[in-house]
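In order of appearance the chains are A, B, C and D, and numbering begins at 1 in each one.
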Amino acid sequence: MRQIPRWADVVLVPLISLLLAAICATAVILAIGQDPWEAIVTMVTGALGSAYGWGYTLYYTTSFIFTGLAVTMAFHAGLFNIGGEGQAQLGGLGIALVLLYIPWPHWTVALLAAIVASAAFGAVWAAIPGWLQARRGSHIVITTIMFNYIAYALIVWMLVDVLRPPGQAEPATARFAVGIPALSDIPGLNLIFSDAVPANISLFLALIACVGVWALLWRTPLGYEIRAFGKSEAAARYAGIRPVRTVMIAMALSGALAGMMSINNVMGESGRLLQNSSEGAGFIGIAVALMGRNHPFGVVLSALLFGFLYQGGAELGLWTQIPIDLRVVVQGLVILFTGALDHMVRMMLGLVFAPRKVA
Amino acid sequence: DPALIFDLGGKFDKSFNEAAYMGADRWKKDTGGSYREIEMQSEAQREQALRRLAQSGSNPIVMTGFSFADVLTQVAPDYPDTKFVIIDSEVDEPNVRSVVFSEEQGSYLAGIMAAMASKTDTVGFIGGMDIPLIRKFGCGFAQGVEATKPDATVLVSWTGSTPAAWNDPVRGGELARAQIGRGADVIYHGAGGTGIGILQAAADEGVLAIGVDSNQNALHPGQVLTSMVKRVDVAVYDAFTQGEAIEPGTVVLGLADQGVSVAMDENNADLVTPEMSAAVEEATQKIIAGEISVHDYMTDDSCPIAGF
Amino acid sequence: MRHGPDSEAAIELRGISKAFGPVQANKDIHIRVARGSIHGIIGENGAGKSTLMSILYGFYRADSGQILVGGRDTPIPDSQAAIRAGIGMVFQHFKLVQNFTVLENVILGAEDGRRLQPSLAKARRELARLSADYGLEVDPDARIEDLSVGHQQRVEILKALYRQADILILDEPTGVLTPPEADHLFRILRGLREQGKTVILITHKLREIMDITDEVSVMRRGEMVATVRTKDTSPPELAELMVGRKVLLRVDKQPAQPGEVVLDVRDLRVSRDGVERLKGVSLSIRRGEILGIAGVAGNGQSELLEVLGGIATATGSVRLNGRELDLSGREDGQDRRHAGVAHIPEDRQHLGCIMDFAAWENVAFGYHRDEDYRSGPLTDNAALKADTAAKMARFDVRPPLPTLAIKHFSGGNQQKIIVAREIERNPDLLLIGQPTRGVDIGAIEFIHKQIVALRDQGKAILLVSVELDEVMSLSDRVAVMFDGRIMGERDAATTTERDLGLLMAGMEA
Amino acid sequence: MDYATLLQILDSTIRLAVPLLLACLAGLWSERAGVFDIGLEGKMLVAAFASGAVAYITGSAWAGLAAGIGAALVWAVLHGIASITFRGNQLISGVALNFLASGMTVLVAQAAFSQGGRTPALSSSGRFNEVTLPFADAVREVPVIGPLYADVISGHSLLVYLAVLAVPATWWVLLRTRFGLRLRAVGENPAAVDTAGVSVTRLRFAAVLIAGVLCGIAGTYLATALQAGFGREMTAGRGYIALAALIFAKWRPWGALWATLLFGFFQAIALRPDVVPIPVAALEALPYVLTVLVLAGFVGKAIPPRAGGEPYVKER
């Protein structure tokens, strides 16, 4: 296949994929007899047109950064972690447990505890499939899917039979005593976000995580080992990189990142653990990572894009006849074009960039 | 404008939510007014939906389902000028009106009809999510059966313990088949969207079913004995008509004020014998008059008769 | 009766060209192969031999050029067409379905009828006949994965014959065979020639060319530089044609001055999925000597290297400079490197480096936790790149670009980078597997010099190679492995190919 | 648990196992040819919707079946284009198509029927109704096996028997025909097929399309036999359980039958808390837990087709 310049591969490929996805989405909207322009206007105004809209857009973005990083981390170890959903919800469970059963003096301490708990729970939930893959050779894609379902059942049981306060009908925990400041509570920012928004300080946590992941992958021996292992297990063995250890570490880190997403939605937004708290963010992480070319900084951008898509989509469901499910369609299209049809896109570009002859 | 939020299970669950939709729709036709509506997609969405509507100036905001209780307690104080109406649950806030129904009464009547229609002397109740509210249905139903045929058995099953239980027709169908297998020939459901599967299975297996919330007799004419109609539509209609002026507090709708009833129409005309309608009529009067007091599960969270 | 090379052409290629992206694999190739002859093709790695043959077999499509079969212009768009034209090919890497039986593999794609039974029955009869005619015995019901490489190769030949091929192409067929197996193969090929079939034989081994071919064509860098009658040429001439300059085919080195024992292996045993791959190997190497391990691929040499390199686990005892090494897997490749073991793996592209990584990242491969490449907890990429540039200069790696992905270097240059990485660590023990596989004569010369130099610095060197000449010319002592055992040890100076060949075939000499 | 109850559970076991079986066979065809397919879920879903919608509009179950298969085939072709033609990542393609399916079905259903992503309930003519096998009533009186035949074996929709027949059919084609031989070869070593002059692409597409057809039937069964119409997300993860069953079955047709029956049985007892006093959540998790154990090789190791998941690139 023809070589295309690296910049084109990094910049053009995702953009073109996105464009193709957008075209298909437009076709879909037209097909269901709606007005794409109206849709776009609604989405833009709803998601970016007001501080309130930004409040939600950034809220979703935060979650997607975490899950996107989770998928990215696993990807570099050559693992396809579809279990973000379950890992995120387990992370939520971890948060619920530490916040419900321990009285915290101050939210800052509680936040630290929440970080540890969510990361730990998510990590464990991802490390088990990791272990099964490394030691027993069970296909990680299937196991992580299974673990999503098991997590779902586990959470239901916890919420219904264990954590549900007496007399409450819906399966959910009691409200936590402590929460974290929303952007609207932060002096300075509250000038922009006048009324309450769900976006909270975990946004900054997510950005820190990005830098952390980047440094880990490209500036530390551990990251080197993870990436090398992801490229070739046989070669990694030769270089003294231990497969089981590497897979477990990579999956644990991946799960920890997914779990930490719950700081945003469970501790931050809802202030209690609900059923299906992650709302599919675990899956969106796949699209985010692919769109972001599995680079932390790319992940931030595509997370923002999907944050927009999600808030905008919610607004569609609210103000237009276009069902909220359009989000899922776009999500699918993005994954399809960026993740599965990327060769097609490259071929298209290959025709543009004529081959340089050597030899 | 007023706004209406449908719970999981969706606007067209042919049952609870759809009843609410009917009310709103009738109001729209009558007054030519317009309203906003949202369907919940997931648990975690409720708060955003409420806030978004309040923030965009909808008033009053009507929501169907107890699941909103907790969120509403959080949100209502933030929007003191907005009126909220919650159906099926009580929220004690100055700007909230709570509408609840005496489902036990309607279910009692359904129980009477079931008992009289049953040839096997075995009838079934399939609840959606296993929560006090729905046990209230089952309990009233059991009492109705008990009062009519003391030696009849009432089978009880639940579709689940999460809101997903409101929208799981496959499971509903299988549960119905199971009860039919165990001899039930009349099945009463309180399972929202799941009920579609239950009514379907009953029809397929050639036994009678009893619908809930909306009048579901028409879904399988001649195979739905009746429906325990809960006038959610009325509640919504009233709320919309009174608009921002609606006064807070709790309203209980029972047989007396036609809040609940058993549906009689051409679809079940040949299923309902004169004796049946007579018995129903009599019971209705006695309940209104207070001569029969139907035990409400939620008062003491127990139902000796049905055994839960 | 025997046809001479002067009879009419079975195959003629005119102006064939083929490019892979930037790589011009074949440039305007002309070649004429006489019917009923054995025609050899030689050339450096990457010269374009396999590409050319794949084009002839319809596996690749030429960018331009013309193919004549039996004098008639025959376009060959796909393998089906090649088969129809009576061309059969035995690839460098066999194309067999491992868990199918020989029969199933033979009929695959050549079935007659939708149902299998009739085809299988027919193939069974046909195979019996072919085996008889050409001495191609193989059990039709055996599963491929249970067959030896030699037998698998026969299946490939049978596949071609079953499809009535009368032109048979073999791409480096002897690389994987023991000398006896190779002799058997050549008997088969001669038999085919007797039957009037045409054979095109690709090989790197000049000796084979001289042995069996009637004519030989030489390729260099994608071009056909010469076609000569075998009896009119000589190995040195061919080598010169290949590389384009004079090369000395023998390594010149002083006799070794062995010092104290560095590596001492006792009763080493390795089992993998139930099969015992090493059955009690014992050997020892001293400072300043090269122990060569000869043997056909797959007789335990790989396992031996992997155990010593810390990749595989084993039982038994290995002492390095008197210190007992852990074989249970608690020590990994990095621990070995710290202990002073460097390892140039047999398969450079799958073990030795990460093809997608840049050259500089590959220079850290295995040493990525070393202090000199670290600044605090982070890696010191600047230092690493500088070091890479220096190594490239010393080893004359082309192109000298540390940031170029290693997959874009040629095979020989990839090997140079790996050799640089491993020997510049100044190890006590150097493990070398197939140092020159897939490397052309020019680079071979260079790498051989490096190895000998290292020996003379007093390192202990374990050399594993399937190339008998290489083992014999480089080593001081030669041990032959067969079926997980050391069949015997010889002094490289005095032993003969025949002697080693028997050992390689498992015969106590 | 008495015999009658057991029969009921077996009866619903069959009802619940059939979609799993069809999907599992679909996966078997696809993966035996070396194409992973986690898109089974999505294919079933679009098929369920298309069949539900068309069966409602035309009032004909058969029209529904045709539509269901058609829709699933469209998805199959997309998967083929992405993962065979353009050598994309098969897993990612499958994931994408699943999302596409769950979004599109609701979108279109809403646009067409505006019933909250559901299709209107089907009349009996629009459904594959239960057929009674010969002598069902005659033998009912026979002790033990009588009721078994009359109540469990007999009295299912036509598609159920179709699904069961698909098992021997798959077995025969795969192991006894030229097509089957080549298909298996493509899943083990595509290069062998390619050098034999047979098109890898065509074979793999064929396999993917067969998978499409089977998923189409599975989806149609859900919407027109098990249920009377399509509901959002009505496949409820069956596609993934089918994959698990496929591994459990070690990629063999008869194994697929037993595996799916087993998983169907789990789902059936999960519906009967009255017989098995285990928390429902636990029962629901059971198939997934079991699958994990199978994958972990605690219940017998499974070797997938060697070339599985690998897009075929010519090289020597």
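One rule holds in what follows: contacts are C-beta pairs under 8 Å (C-beta built on N, C-alpha and C of every residue); 3 or more make two chains touch, one makes a residue touch a chain.
In UniProt terms, the chains line up like this: A, D = ABC transporter permease; C = ATP-binding cassette domain-containing protein.
Just so it is clear, the structure is predicted and the values come from calculations on it, not from any experiment.
> Measuring centre to centre, with centres taken as mean CA positions, what chain is farthest from chain A (ABC transporter permease)?
It is C.
> For chain B and chain C, what's the span in angstrom between their mean Cα positions?
That gives a centre separation of 77 Å.
> Taking each chain's centre as its mean C-alpha position, how far apart are chain A (ABC transporter permease) and chain B in Å?
Those two chain centres are 38 Å apart.
> Taking each chain's centre as its mean C-alpha position, how far apart are chain B and chain D (ABC transporter permease) in Å?
Roughly 36 Å, centre to centre.
> Between chain A (ABC transporter permease) and chain C, tell me the centre distance in angstrom, where each centre is the average of that chain's C-alpha atoms.
46
> Can you list the residues of chain D (ABC transporter permease) that touch 2 or more other chains?
117, 281
> What are the residue numbers in chain C that touch two or more other chains?
In chain C, no residue touches at least two other chains, as defined above.
> Indicate the residues of chain B shared as contacts by at least two other chains.
Chain B, residues with two or more chain partners: 39, 161.
> Touching pairs of chains, all of them, please.
Going through each pair of chains, those in contact are A-B, A-C, A-D, B-D, C-D.
> Where on chain B does chain D (ABC transporter permease) make contact in their complex?
10-13, 39, 157-158, 160-161, 167, 169-171, 173-175, 177-178, 181-182, 193, 196-197, 200, 204, 219
> Looking at the complex, which residues from chain D (ABC transporter permease) come into contact with chain B?
4-5, 7-8, 11-12, 15-16, 114-118, 121, 130, 222, 226-228, 231-232, 234, 236, 268, 271-274, 280-281
> In the complex formed with chain A (ABC transporter permease), which residues of chain C make contact?
By the definition above, chain C touches chain A (ABC transporter permease) via 19, 21-24, 221-222, 309-311, 332-337, 343, 345, 350-357, 361, 364-366, 368-369, 374, 377-379, 381.
> Using the touch definition up top, name the residues of chain D (ABC transporter permease) that touch chain A (ABC transporter permease) in the complex.
Those in contact with chain A (ABC transporter permease) are residues 38, 78, 81-83, 86-93, 95-104, 106-108, 110-111, 117, 237, 240, 243-244, 247, 279, 281-282, 284-285, 288-289, 291-292, 295-298, 304.
> Residue numbers of chain C touching chain D (ABC transporter permease) in their complex, please.
Listed in rising order, the residues are 50, 54, 57-60, 78-83, 89, 91-93, 95-100, 104-105, 107-111, 113-117, 119, 159, 171.
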